[in-house]
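Questions regarding the structure given below will be posed in turn.
First chain written, first letter: the chains are A, B and C, and each begins at residue 1.
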Amino acid sequence: MKSHFKRIIEKGIREDGRKFDEYRKIKIEQGVSKSAEGSARVMIGETEVIAGVKMSLEKPFPDTEEEGILMVSSELLPLSSPDFEPGPPSIKSIELSRVVDRAIRESKVMDMKKLCVTKGEEVWAVIVDIYPINDSGNLFDAASIAAIAALKDAKIPSVKDGKVDYKKKGTKALPLKKEIPVECTVCLIGNKFLVDPTYKEEEVVEARLTVGTIGKELCAMQKGGSKELTEEQINEMINIAVKKTDELRKHLK
Amino acid sequence: MTYKRKNNRKYDELRPMEAKVGVIKRADGSAMFKIGGTTAIAAVYGPRELYPGHLQNPQKGVLRCNYNMLAFSGSGDRVRPGPSRRSKEISLVTENALNPALILDKFDNSVIDVFIEMTNTDAGTRCAGITAASLALADAGIPMKDLVAAVSVGKIKDALVVDLDYDEDSYEEGVDLPVAMMVNSEKITLVQMDGLIKKEEVIQAIKNVKKALKKVHKVQVNALKEKYAK
Amino acid sequence: MSEILVKDKDVVIPGQTLATGMDYLPANGTLREEEKIISSQVGLVNLNGRLIKVIPLTGPYIPKKDDVVIGKVVDITLNGWRLDIGCAYHANISLRDGVEEFVERGSDLSQYYNYGDYVMAKITNISSSKLIDLTIKGHGLRKLTEGQVMKITPSKVPRVIGKQGSMISLIKEKTNTKILVGQNGWVWISGQDPEKEIKAMNAIKIVNEESQTDGLTDKIDKYLGGKNDIQKKKQ
């Protein structure tokens, strides 16, 4: 029966009538958390993801004494899907946060040096927590958009007597470049490429390629799924992703 | 009576409330409940198979609640992900608050999972979680005698106040007393208390909280009608 | 003194008082609390003489003997198959209830029903420890090849089928599809034209979500494009 669903896709038809390179409706809302330094809710169709940024003053890593700390974490809440179970982070949630982390880190969108307070002593640690609220497919892209939207929303908290004063909202934004990274996941089902899969489509995805772009450059990639890809297929997937990330970025302006 | 509440709130006045049912499409039932700066979302999955088998009850279904705060929902530092002693206790009292209302005899040997996530917190989180969870269970079609509503009552200086916010909750000599109740039958399913208070005041506080719970219940009823009686 | 506080087809919620006094009798979806009858479900009131019932608008599937359900094979055992039928308990089809021919010991059972296969089967027995027995022997019962399975609210099954099957016939005819509805709310749809298959699924989705609204048949007819021929034929 799975193969029947696959055959329908191969005939060029998606269950919700979308084109193969068409995203569901995207909605981004910033400032959804009062206590986070920055936050965002991203809806792609029925998929909903919340991301929040918390900041604290920490001792820098010895090999990067002049740089702040960035950490991206996610938890696949069992609230968001019957397929997720409570417990320590699953391999799926680790992959999700690492793929999002990579695009942010490698795009160098954040000037980590500007997060240094005192060299070797004290730097800002920026922690992005990503949570799916409803998983109706394509958590990767939703998470990547949510993380960036939350970082853009974030304000560095005020400091009183060397301590972070979480009660008083800061006014200074994070040192982010104007150009921001966005990721798009291109999926292979049968002989078709498609973007923004529903959870039902995800069940028959054979291979996927997540591509992060910033400006005209690529900043991160991750192949997933058990099927192999040819060079031509990867090229085409990159082409689709570049085109779609340019579109996705417009939502974040 | 010297204590004055923020925004001129009356002692028996609740913060603005909002509720919505069916907010998580993948769940069997779900709800959001917001009171002031506190927002809880709850999802119900099941009845489904319960493993390991020794947890099963051959007489009725088992309710399993899981309370959690999103890492950035606390008022200060980031909350470490994963269960804490606090969250485990709240999960337990949430189960106890909801169980008396549920009719689970048709679901023997199975489990009904309730996941509660706090997205924003300004005190009263266990009460908001219980209120949202009760709505989510009704949305999932789990039979029940009544909805369960919950709110806290407390004492700040000489005043007995309902629905404490974070500043009131953390007031040094204050008393916090969360109460959950099956509202129609006025049967109480959760009482906890911390702080020093006279016996007479506790009795009065519980009396006061009943009126507040009727208001919470009204918001619950409207949320269900909003989805099902369009 | 007894008094009824609701009207037929009112939407009620758990804990709501439906009637007071001892003259009325609580039926499915309701319970008596002292001198009151209250609802235990979100649902529609159904008054029948002195009997008060609430027909749930949401809720899990509760298996009953003789129900015809659609299930998915999740395990192959030594002497049969285990199926998920959308409830808290797994159901079993024994070799004898699953296959007509004689099956030799140790032969590969996946040739009959493999993991992930869907079947239309009937519940023959539910033991006290909630073991559910299914059979595939009976009229219309079979393995479901091709097609897709979607899930609807089990209590909406009668609405999706419609009076004397009117709703499901309408959808089948307009989309040229084959549709089977299990009592457990699992629905199988199969058509030659995948676009029409999806259209049929969407129509069922609409019925599931808007089951209370009046004139639903007309709405579905309109959605599927065109005059309601079936209704006319019947009149």
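Methods note: contacts are C-beta pairs under 8 Å (C-beta built on N, C-alpha and C of every residue); 3 or more make two chains touch, one makes a residue touch a chain.
Just so it is clear, the model here is predicted, and its values are computed rather than measured.
Determine which of the two chain pairs, B-C or A-C, is joined by the larger number of C-beta pairs in contact.
B-C
Just grab the chain with the largest centre-to-centre distance to subunit A, centres being mean Cα coordinates.
Looking at centroid distances, C is the chain farthest away.
For subunit B and subunit C, let me know how many angstrom lie between their CA-based centres, rounded off.
Here subunit B and subunit C have centroids separated by 33 Å.
Averaged over CA atoms, how far is the centre of subunit A from the centre of subunit C? Could you give it in whole Å?
Whole-Å distance between the two chain centres: 39.
Provide the list of subunit B residues touching at least two other chains, using ranges where the numbers run on.
Where subunit B meets two or more other chains at a single residue, that happens at 48.
List the residues on subunit A that touch subunit C in their complex, please.
Going by the criterion above, the answer is residues 1-2, 4-5, 7-8, 11, 13, 15, 17.
Quick one: in the complex, what on subunit B touches subunit A?
Per the stated touch rule, the residues are 23-27, 37, 41-43, 45, 48, 66, 68, 70-78, 81-82, 113, 115-117, 119-122.
Any idea which subunit C residues touch subunit A in the complex?
116-118, 144-149, 194-195, 197-198, 201
Note which residues of subunit A are touching subunit B in the complex, please.
Result: residues 32-37, 39, 46, 48, 50, 52-54, 56, 73, 75, 77-82, 86, 88-89, 127, 129, 131, 133-136, 166-167, 199 of subunit A touch subunit B.
Hey, which residues of subunit B end up touching subunit C in the complex?
Going by the criterion above, the answer is residues 28-29, 46-50, 58, 61, 101, 103, 106-111, 138-147, 182-185, 221, 224-225, 228-230.
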